[in-house]
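Below you'll find the structures, each written out as structure tokens.
First chain A sits with chain B, and in the next complex the same chain sits with chain C.
For the complex of A and B:
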């Protein structure tokens, strides 16, 4: 692997036609060869060794019965894939991933876009088109959740959802003031139905995890959209206003199309994230929730590999998810393209 | 008016949980469980000393700083070098290498993580203290596609005249890169570096699988472990204090550097 990486550098350096410096030399100087060797070769070696090769290996492992511990393995063809096909937990996990895939990007992006519009063009209807007062403050604060490591956010929400001393139950109990006094020490008192273990309850668990994810990402995409909307020429927005477009119409009919590329990037990233979601799910519900209510494929894969010692089967799951991920990415990018062409 | 209400609600939704965490970290475990909203009766500074010493947050913190610091420097250097060559030189195979790199953005990490474990192990990069080197290399490798992708457009957008002038002045490729092009790409480097920092500080799956030596744990692992270990006799005060210790430095760094981000999430937004 090392050799091939370096080879690329040497080979590519053989006939450089620099764009910048228009020297038309057939034979590169030794200095330039060294330059290519280091500048291109080094990063490529790292990339090939630690990213590309493990990926290719996992495709091979997915066709074996490797346990991860034994050095030996048998080639068993597509048996792993057939077994996954019959694995009810896998389907449940995939279903949860698909639920996240549909809900997370939709809610996150709509919220982020609405907030971005408010801080950029939601300001006074008199004078120039501008954002609300304190826009900078909202922008800085909104990004906070993204700056907090996902693991910590997960733990934070574990606190918030905690049946005993959690913020959410505490808040709900404040709302139900009459019941407040009745509340037992650990909130598990049957007299009191507000002490719900949000993450333990099948009905709420996935939504509770999803909310933590949305909380994390809204600010990030808001900052992305703010940058996009700011690059729209002022005249365009002002012309729209003179033509009588309200702020809502300005947002939907002018701002949204102009930041379409940003939106489609956001969809792809959020989509890829929803198909993974490992960190949040595994921190908030380490075993995938009651009756696998929050289990996602990445967690199932992790357990299959490291808990059950079936690396071959886990690799096959990874391959399936990689295909699903690529399909989603291609689909979203393709949809964005075709719409743009029609315009 | 409606805008202000919505924005205020949103800001509260972000800030309140954080504030709650901070003041809860000064309460006793008993106070936390019996009265989630109440203010601490006495400030429990001991929560912090317990978190730092017994829960070893200090140790994990140091490990994280080493891994993220080294990973960040290496990936920015390698990424800038690679992006520069791909953006400014035309040669056969250029596009293939570029797309091969960028395709890495869509590879799900969890697919590669098992074989990666054995790649690093066979190189002896997961043993003892060396384990940190393995983790650093994994961080670097998986941050490369993003770094190259974004820096590529920065370097491509730099004016030709300057590098031409440098060449006329007799500067070689190395000097042109380090003394002319790199300083010009600073705004791009800064925002990519911030995202890489956050990404690496955030990383969980890679250390979880690769970083098995307890003394090498990074913060994310340490905290999850702390939470799982304690089970039902949770030292809530210590837990909250650990979370605060982990969150505050990142928020401070973010507030200091947030200006760099506002315009520059994507390279195109900078112009």
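For the complex of A and C:
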């Protein structure tokens, strides 16, 4: 930035040599000015207008009693935050978000990485390092779930989880017949017809929603990791193999550290998604499931705002979630960085 | 997005419209939100609406509202479940009566997008049907609406008495605001217990009038490996709240519901509520509810019901239309009042009835009197009959559905129910007023699933209304006026 020529005044006094001073004092040409105006000024204005100002605005709303319908509102300080603090449903929702935050990125990224390894370096150990046979096909196919809109995925999984005619219960009931046969041999009672309402049973509901999310995203992160692994020089992997590293060791000790930045990015994205999860949860369990077992903060926020007409309180929830999200991002990126620094 | 209006159950949609309208009582006459941006500033230059609709024209018996016989009328109709044909018929009739007037009836599915600019530009239509997912928020609209009490007082076009005297009981209350009558709800909604008349005939069953008979039938149905009820626990278990509260009202009188609407302490401890909830609890315990309901939505549950997995479903009179695509041929969907508990204060025929599809006349339109006259024609017996024939739904006008219900068993049964009940109808609003649908669903799903018993359910619902009562930031409404 210091050579850019815009910040003339700032560095003027500190300029050590006349040569530099002359360069810095140069008045920017109109073309240069135009360049900065278009490529820096314009995006900045748009960003301020559509990203920063709504943020500040919703922070202000969070301190008011705005109903979302009334043209006027009153400033009520932190009362909304106190209400949220006492709101058992909010804490339950946040707990569900945190469960998703821990499980979703972990499972998705491990699965995605494993699949990426399979299609890049998991192939035959003879000849060059390559993926399993048909790698190209798998790479394309695994991306399909991500191309389906989340709402449709949610609806499809609703069918799969249907207690009566669902695919999952149907499949489990197919397994039941042989199992009952075996049980019969030992004199045990046959198992009953399985009619679990996966999305209605508090024990399974959140996991059922989480599975749909993982199914959607694994392919996408696989593609991301494939790109990362492909960019590792072939020689490194081949050298490792010559030194006797197997596929698993190559994956964990060679590939994983070399795509650490991709993994870290994936963690942040998945983490942010886990803190939202609105689309999936609201399509699959519109009211947040039995006893709020799948309610997440975004859904609670939505209901508070649009059903209860409490935009002030909903904004306060939004502010809290923004803080939580930022903390998560800082934590993940910070962890990644400190480990890098140690090396 | 997921929780879009399209995802709402019809019950929720009905509630949402009621709620947005009544939310105004607290907001007071605000500035025109239509022009203001979300939450931006708080101007107070509200043009006071609610002026009378009686026009400058000569007031005669044939023209009680004094409409200018040559002035054109623009009507905008929500093109939803009821279509626009009934309104077009009204338009034709208008031109028949006033041959010099030009009536335009426009259909739209996006009331808000079409009308908001018109309101903002000061050129609203003369009458419109504020319905559908994209309806105008009534807040901000109120100051721009004409008072329709003259319409209620006007004589009927083709019958004895005034318009008001020819309406079903209770249908004007959703349109009242600050003692002004601004919204004319045109469609009558009956809450009932729905079943297949064909099945009952085939099996020789009679529709249970008492809870005892219902439980006996439940045992028989269970023997066939079926269930009495299906429910969509993900988003619509509160249909059973409606049923239980209707039973409570029939047992203890409409005051039972007034007490709940007024958020009274111990409202859910009233004897009638306790008995009704206990009765439901007995049905849950006996296994008369189709298992797995906690995992599905109302659409799945209703499909399950019409495909024969269960016998009854409590819902509003929109159900026949809603299920038209999946109901098997010859199902003969029929409604009956919910079963009565012994020694009820109201007769068995009493039911929960309310009105929907709200029509407004903007006071700032070119010809508000014409708009009101349009409604007066629509409220004539002839047009109301036409509406029932076209849509298979009853309008708010009395005695306009023939006994055969134009071939619709559901409409015929609704008509029978309306005639049999007379003045014995009731309704409740607390769920809509305070947006308690979601909380009710959460509690009721736990109850129908068997996680909590009737006492636990009442406790949760009492806690729910206690929270609202003790929360000063929520505007309260008064019921029973």
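Here is the rule we go by: the second predicted complex is superposed on the first by the 277 of 343 C-alpha atoms of A that agree within 3 Å, B and C clash if a C-alpha of one lies under 4 Å from a C-alpha of the other, contacts with A are read in each partner's own complex, and residues count from 1 in each chain.
Criterion: a residue touches a chain if its C-beta (ideal position, glycine included) is under 8 Å from a C-beta of that chain, and two chains touch if they have at least 3 such contacts.
What you are looking at is a predicted structure, and each value in this text was computed from that prediction instead of being measured.
Check the residue A:287 against both partner chains and state whether it touches chain B (first), chain C (second), both, or neither.
second
Which partner does A:90 contact after superposing on A: first (chain B), second (chain C), both, neither?
The answer is neither, since A:90 touches no partner chain.
Once chain A of both complexes is superposed, is A:217 in touch with chain B (first), chain C (second), both, or neither?
Neither chain B nor chain C is touched by A:217.
Which partner does A:72 contact after superposing on A: first (chain B), second (chain C), both, neither?
In the superposition, A:72 touches chain C alone.
Considering only touches as defined above, state whether A:198 meets chain B (first), chain C (second), both or neither.
After superposition on chain A, A:198 lies in contact with chain C alone.
Once the structures are superposed on A, label A:118 by its partner contacts, choosing first (chain B), second (chain C), both or neither.
First partner only, chain B.
Looking at the overlay, does A:303 come into contact with chain B only (first), chain C only (second), both, or neither?
second
Touch test for A:273: chain B only (first), chain C only (second), both, or neither?
Once the two structures are laid over each other on A, A:273 reaches no partner at all.
Which partner reaches more residues of chain A, chain B or chain C?
Per-residue touch count on chain A favours B.
Once the two structures are fitted together, what part of chain A is touched by chain B and by chain C alike?
61, 68, 151, 158, 164, 278-279, 282-283, 286, 302, 306, 311
In the complex, go through chain A and note every residue touching chain B.
8, 11-13, 15-23, 31-32, 35-36, 38-40, 42-44, 46-47, 49-55, 57-58, 61, 68, 114-115, 118-119, 122, 132, 134, 137-152, 155-156, 158-160, 164-167, 169-170, 174, 185-186, 215, 218-219, 223-224, 226-228, 230-231, 262, 265, 272, 275-276, 278-279, 282-283, 286, 298, 301-302, 305-306, 311, 314-315, 318-319, 321-322, 325-326, 329
Along chain C, where are the residues that touch chain A in the complex?
1-3, 7, 16, 19-20, 23, 27, 30-31, 33, 36, 38-43, 137, 139-140, 233-235, 291-297, 300, 304, 309, 434-435, 437-438, 441-442, 445-446, 449, 451, 473
Could you list, by residue number, the parts of chain A that touch chain C in their complex?
It is residues 61, 65-73, 79, 151, 154, 158, 161-164, 195-201, 205, 278-283, 285-292, 299, 302-303, 306-311 of chain A that touch chain C.
How about chain B: which of its residues touch chain A in the complex?
Those in contact with chain A are residues 3-4, 6-7, 10-11, 13-18, 20-21, 24, 32-37, 78-79, 81-82, 84-86, 88-94, 97, 100-101, 104, 106-116, 119-120, 137-138, 140-142, 144-145, 148, 160, 163-164, 167, 172-174, 177, 198, 201-202, 204-205, 209, 219-220, 223-224, 227-228, 236, 239-240, 243, 246-247, 250-251, 253-255, 258, 261-266, 268-269, 271.
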